[in-house]
Each structure stands twice: as structure tokens, then as C-alpha cells.
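Here it is: the structure, laid out below.
A, B, C and D label the chains in the order they appear, each numbered from 1.
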Amino acid sequence: MARGKLRRLVYDQLEPTARKGRLSPTNRVIVVLVIIAAFTVIFETEPTISAGREPLFRLFELLFGIIFLVEFAARVWIAPDSPRFAGKPRPRLSYIMSWNAIIDMIAILPSLFAFADGSSIILRFFRILRMVRLAKLGRLSRAWRHVTQAIHSRRYELGLTVAIAVAAMLTAGTGLYLTEAEAQPDKFGSIPRALWWAIVTLTTVGYGDAYPITAAGKVVAGVVAVIGVGLIALPTGILASAFSEAVQKRSASDAADKED
Amino acid sequence: MARGKLRRLVYDQLEPTARKGRLSPTNRVIVVLVIIAAFTVIFETEPTISAGREPLFRLFELLFGIIFLVEFAARVWIAPDSPRFAGKPRPRLSYIMSWNAIIDMIAILPSLFAFADGSSIILRFFRILRMVRLAKLGRLSRAWRHVTQAIHSRRYELGLTVAIAVAAMLTAGTGLYLTEAEAQPDKFGSIPRALWWAIVTLTTVGYGDAYPITAAGKVVAGVVAVIGVGLIALPTGILASAFSEAVQKRSASDAADKED
Amino acid sequence: MARGKLRRLVYDQLEPTARKGRLSPTNRVIVVLVIIAAFTVIFETEPTISAGREPLFRLFELLFGIIFLVEFAARVWIAPDSPRFAGKPRPRLSYIMSWNAIIDMIAILPSLFAFADGSSIILRFFRILRMVRLAKLGRLSRAWRHVTQAIHSRRYELGLTVAIAVAAMLTAGTGLYLTEAEAQPDKFGSIPRALWWAIVTLTTVGYGDAYPITAAGKVVAGVVAVIGVGLIALPTGILASAFSEAVQKRSASDAADKED
Amino acid sequence: MARGKLRRLVYDQLEPTARKGRLSPTNRVIVVLVIIAAFTVIFETEPTISAGREPLFRLFELLFGIIFLVEFAARVWIAPDSPRFAGKPRPRLSYIMSWNAIIDMIAILPSLFAFADGSSIILRFFRILRMVRLAKLGRLSRAWRHVTQAIHSRRYELGLTVAIAVAAMLTAGTGLYLTEAEAQPDKFGSIPRALWWAIVTLTTVGYGDAYPITAAGKVVAGVVAVIGVGLIALPTGILASAFSEAVQKRSASDAADKED
């Protein structure tokens, strides 16, 4: 019975939906640890910071690996208490097969290799997998629900405006390919190359690595830029207003939650 | 009688407005084929992808040409069943003279030259005509109607803000021509040249191929940029809200459609 | 009496507010001429277009000069019929002293010098004065009223957000001056120089002629860019919504106009 | 008694909240002086302006130093009249310990060193502290209240969208680090370096000092730019609408103020 009580206590500490209001102290500690762990990964990649401090970074990594392994084990242990897995024949196995658990495992895996040397691409990719831990933050927050709600409620407009944006990019790229391919074959010599220009231009980033130099190309690019920039901004505007709406509905749904 | 039934069946499969709800299986296949055909054209232009694979690309092209030719012939055949052409004396000829059919023919034409060699500008332009097929997607979707509705409902504001944006660009270009022409005659030596700078700056693309270097030019450009960037964003904001409105009206009009 | 009738007729043709609905045929011709005249000025400045065609451009210029002089004389003549000047002791002199007339005179003046040679700065400035004619378009359109209304109705928000934007720019410029002045004295060696960077960055133009190269400068610039770009966009958003509102009120006010 | 009356008069002139409507003449003079003083600091840093005019700038600086010192002393003197400090045991000391007073003191301090020579970093930083005076403007305006209200009323959405923006930047930076580190180790060789690229790209500034050159990098950067630019714009949109709302509530609250 004591074990059931303990598990119930751990469940209350770890499960973000267990409490209606704020996060439990344990989950807050996990949030802080995830952020520190992410910064450790970020700074470890910068040679001017990590050079000579490799043992320190490995120690940190080992520490985070152990903590998140313990957290993962605890979450597996409490799975039978979760309403989502309690009804299933093997609740713990069901949990392990869930997206949340798979992401956790992917993020823990690289810690085992913390002491491996070298800087090969595969090893780099492997180490960077630890950044996946940041996905924990989304899971601990109810906010993520508002984002997915916002996208879902306006999926038709978003899909349509994204299609318009893609069409604008294809048209822009094709137009510049036709007018500039002769003058700058390395930058506009094919539609995929011209598409890089189109993306960089229509998002208004404009690195300056590719731009038209012929008069015809500049006229086409000028017209395309003025129209295209407006079309590319459509999905952003729709997403922003959808998001605002989804959050405003939150108060109402929160109020309903509290009445439960 | 069997022939009339078959034509009715083909009509039901090809005409996007024949069914109230989703696209017919045939039209879905056409959508997928159009997208694949577009990617084929895009990748064919890139030498690092198409080099040595020309025969494969030509085969694909021939295939798409035949499919879209058959589709075109079928659409001509079913024209008498369409409410839009049924009343006219020669429904099939009327269909062939419609914009949709003309675009289809323009897009089929280049396939006949799939086996022609060379990379002259004319041939390149001709091959790129196949990208026009993407216009089929717009036609198959009811979404296009919302876009044109959105533009039409706010044509006054859009026209006015576009006029303001053009005036801002002319003023910006003239201002920089006056202040920078002496220092950088190749970039600001005439108003058309300065207009390229104005477009690149006011759309906030900012390639960095042209920018003022004199103190006077920088002051004028700074003031112009801060004010102009805001004015250029006006049509985008209006288009986004008009678009949002047009889609929200959709639900109502869809509901009315279903009651028919 | 015939003279009064003729003047009334000319008034009806020239005065944009004389007719409730669309522009009179004469005013439409003027709009087209103003646009053609502006393009003439623009293309005249481009040597690759105007070289060898100077006499043609001068002829055009002379023609436009005469037309707009006649138009100006006609507007002076009809001033007593205008409700705005009719009540004053000397209606024609009052009109000549009005902003509209002064702009007209400024734009006509350079035509007298159409045959002057050379490309000195003063002459260039003088010739470009003809671009002022574009202001005629604003006057002929009721649209301008909506723009000024929009700005006026939100002058408080616009003033406040512009102040925030200026503060953001000053803070950004000062921050980069402190961190980058040592490393790049020619680009960040003083606050005015750093302000050029701040304007180019916060409007998101980003030419790439000035950017931080030190770690401290990049951190400050990164924080400043993320926050500042949002603040700079505030006036644009407010202007867009104010403009939308002003135009929506138009229908109501137009309806009221028609009832007069 | 005369002293109390004088203090009351000074309070009415200096305290921005003492009058419901506009600023007092004294405060308006201070606003103008603060702006002139800021421009003096800005132009002093530019060698082409200040060279040879150092004594003039020092004189100005001394003048501003004395004026703002007198203003500060006056504000300390009238502290007992302020409802905010009147109830406290030592109202003047309480005022000196308030944020407003501390900012004033920080801004006055550098004036004492106006005659110090040299251009060391510390001295430069010290001189630039005078820019802090601009904070006086915020305090004198009720507008600042609306900005903080706007941020506070939407703190949840702003926090969430800022978190999404940070996540987008981290993902973008990590993605480019994985694909471009080999090809451009100086620009993408670590996540912090790639984050500089991510900030410059997702804010759409796009200096052009860092951009992907490999095909993989361009594909990742293209996808990331299109999605990320939209996500980065979310907080701006929410802030703009929150700000608009806060100002619209102003009229109501102002009306209530006047009824007091």
C-alpha cells in the first residue's frame, strides 16, 4: 500500500496534467535542468569555450544523462496511474511505445557516449540529438496545445496561403531562371538554384549572395519582389490571428477546467 | 445510350464542380501528376541532377505529354455535359476557346519537343512553358475563388495602398538619385537605377548591392527607409485581413451549397 | 453671360470635388499626362535610354510644360467659382497663394529650362522638381483624405510607437557603439555611424555594409535585433489597421454625400 | 508658509501626474533640454563634427549637468508633497532611493567628468551614460503606462510566442550547424556561431556575412527560413494588437480621470 502511495505521490509530481494550476516543484526543476543541459550542449560545440574544459563538459553530460534516465524510469513506473495508459493491458509498455517516451529515449542515448572522442559528422549528429530534450519543455507546457489548436482551426487558410506562397516562389524562381541564367549560370543556371534566390528574396532575408544583374532580371525581380513579399506574408498574418484567438479561448476553457 | 452514360461518368470524374465535396479520384491523380511533372521540369534544369539522365527525363516528359493530351481530349469530349458550355451552339469549340483549354494546350505543346536538343534561350523558354501546368491546380481548387474574392472585395484599399507604395518608391528613388548620383553613378546615376535600390530597400530585402555611402545619402535613405517600409507593408496587411474575411464567409457559402 | 457659362463648364471639368462620383474626362486626361510626364522624367535620367534622344525628350518636356501651364491658368481663372475661394476679396490671388497652386508653379518652372544643357547638381535638382507634378494625382483623388484621416485618428498611437521606435534605434546604436567602436571605428566609431547600422538592421533591410564582428557586439546586436524588429513594426501595424478603418467609414460617408 | 507655497508651486511644475491634462511649462522645457542634450552626446561622438569643437561641447555638457542637477535637487526638495513619498518617515531619502532618482543621478554623474580627456573604453562608457537621460522622457509621459499595460495584458501569449521564436532559432541554428559546419567552420562551426546566422536570418535582416553554401545547407536553410520567419513574426503581431487595445482603453480611463 505504501508503494502505491509513493507512486501516486511521484505521479502527482511528474505528470503535468495532474495539477490544474502550475507545474509541480519536480517538473520546475526538470524545466530548469533541460534548459541548463541545452546550454551545455550549445557551449560545448564552441571550441573557444570548450577547449581545455572537455572533462567538465563530460561530467556535466554524465550527470544530466543519469538525471534524465532516472526521470524516464520514474515515468515508466508511474504509467499505470496515468488515465491515458491505465486502461491498456500493458500500461508501461504502452508508455514506452508513446511519442513522449521515444523522444526521451532518443535524448538519453547520446549521454552514454559522452566520453567518446573525435569530431566526425556521425558523432556530431549523435551529440546534437541531446538538443531533442528541449521537446520536454513543450510537453510540460499546456501552451503547446494552443499552438496546435491555432494551426488546426485555420488549417484551410494556412494550407491555401502556403500553396500561394509556394506558387509565388516557383513563379519567381522560374522568372529569374529565364532572365538571368545566361548572365549568372552559377546562381540562376537552373530552377533549383533560382529557387534559393526566390526564398532568400521573398522572405526578405536578402543575403546578397544572389541577385539579378541584367536589366531584364532586375525588372522581373522588382515586380516579383513587390508582389511576392506580400503573398509570402499571408500565412504569417493568418497564423498570428489564429494564435491570438486560440489563446483568448483559453480563459474560457481554463474556467471550465477549474469547475471540474 | 452507353456512350452518353460513359461521358456522364467521365464528366463526373473530371469536372471539379461536379461534386460538392472533395475532388474525384481521377482529379486527385491529376493533381499528383501535375506536381510530379513540375518537379521533373525543375530538376531537369539542374545540370548536376540531369546530366547523363537526359533519356530518362525525356521519357518522363513524353509520358506526361501523352497523359495530359488524353486528359485534354477527354475534357473537350465532355464539354457538352458542362452547364457552362452546354447551351452554346458548338460546346466543344467554345471549350477549346476558353482560358482553361488554352492554358492546357500551351502546357502540352512543349512535350512535343521533348526530344529536341540544345540549350538556346528560345528552347529554354519553350521547355519552361510546361510549368504553366501548375495553373491546373488552381483550377481544380475552389480556393482560388477565395483569393480573387478577397482581392475584389478590397480592391479600393489595395489600389490606394499600392499607389502609396509606388509613390513611396518613386520618392525614395528620386531622393537617392539626387544625393548619391555623383558618388555612385553606376548604382544611383539615374532614377531607374535608384528605383532598383528603392525596391530592394523598401521591401526590406536589402541585398547589399546598392546602398548610400555619402552622409547626405545615408540621412535621406534612413528617413526614407523608416517611413517607406511602413507604407510598403500596408497592402500586405489589407490583403491578409481581406483574405481572412473571404475564407470565413466560405463556411456560410459552403453550407448554402450543400442545401442545394 | 456666355463667359460665366464657359467658366462654369471649365470649373465642372477641372475641380475634382465638383462631381460626386468619378473624375471628369479632363481630369482623367490630366492624370494620364502626369503619369506619362513622370515616366519621361524618369527615363530622361537614364543615359542608356536618353543618349541621342535629347531633342525628343526636350520636345516632350516643352509640350508638358505648355499643357500644365494652360491647366494652371485655367485653374486660376475658375478660382472665383470655387466655394473655397469665392468668399475671399481676391479669389484668384488667394488661389495662387494656396499650396496646390504653389506646387503647380514649382512643377511648371523647370520646363522653361528644358533646353538648358549640362548635368550640374543644381540643374539636376531643378529638372527633378518636375517629379513634384505627381502630387497632382493625390489632389485629384479623394483617397488622400482617407490616408490623412487614418493618420489623424491614430496620431496618439502613431506618435507613441514612433517614439518607441526612435528610442529602440538610439539604444541599439548606442549599444553597438560601445561594443564595436574599437573593432570597426569606420562603421561604429560614433553614435551617428552606429545609427546607420541600427536603421538598416531594425528595418530588417540588412545591406551587409555594417555588422558586428566581435562576440560582444554580436550578442548585443542579436538581442537588440530580436526585440527592436518587433518594436519597429508597431507603427506599421497601427497605421494598417487605422487605414482599414478609415476606408470602411468611407462607404457610410459616401452614402451621405450622395444624399446631398 | 511662503516656503510651503513655493514648494507647492514647484511641485505643480515638476510632477507630471500633478496636472491631469498636458505637461507643465517647466516639464516641457525639460523635455526639450533632454532631447538637445541627447543630440549633443550623439554628435560629440562623431569626430568629423566634434573635432576642434571640444570646448564648445564641454561647455554645453557643463550647462546640462548644472540644469539637471538643479532639477534633481528640486525634485528631492518637493518629495514630501508627493502622495507617493509623503506618508513615509523620510520622504526625501525614500525619493533618492527610488528608481527615478537613481537614473537621474547616473545621468548627472558623467557631467562632472566633462573636462576629462582621452578616449578610453571606460571613459567612453561613462560619457554614454548621459544617454540614460532619455529615460526621463518615458517618465514624463503617461504613454509608457500603456506600453507596460499592453505587455502585461498579453504576457502569456508574448511569453509563449517568444518561447516558440527561441525554439525556432535554436532549431535553425542546430540544423545549419549539422549541415554547414564542415564547409564553413568559421561561420557554422559551433551552435553559438550558427545562432548568429539564425538570428540574422529569422529576423529577415540578412546581412550576408553568413549563409549556407552547400546544397544540404541551402535546403535546410530554405525550409527553416520559410517556417521560421513566420514564427518569429508572431510576438510582433500580438504586441501590436495588445498595444492597440491598451490605447483604446485609454479614452475610457482618461474620461474616468477627468471625472475625479
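We take it that a residue touches a chain if its C-beta (ideal position, glycine included) is under 8 Å from a C-beta of that chain, and two chains touch if they have at least 3 such contacts.
This one's a predicted model, so the numbers in the text were calculated from it and none came from an experiment.
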Per Cα centroids, the chain farthest from subunit C: A
Fitted rotation between subunit A and its twin subunit B in degrees, CA, nearest 5: 90
Shared interface numbering between subunit D and subunit A [over half = same, under half = different]: different
Euclidean distance of C-alpha centroids - subunit B vs subunit C, Å: 32
Rounded Å distance, subunit A centre to subunit C centre (Cα mean): 45
Multi-partner residues of subunit A (at least 2 other chains): 195, 204-208, 237, 241
In the complex with subunit D, residue positions of subunit B that touch it: 204-208
Residue ranges of subunit D touching subunit A (in the complex, touch as defined): 156-157, 160-161, 163-164, 167, 170, 174, 177-178, 181-182, 189-193, 195, 201, 204-208, 211, 218, 222, 225-226, 229-230, 233-234, 237-238, 241
Contacting residues of subunit B [partner subunit A, same complex]: 38, 41-43, 45-47, 49, 121, 124-125, 128, 131, 134, 137-138, 141, 143, 146-147, 165, 195-196, 199-200, 203-209, 232, 235-237, 239-241, 243-244, 247, 250
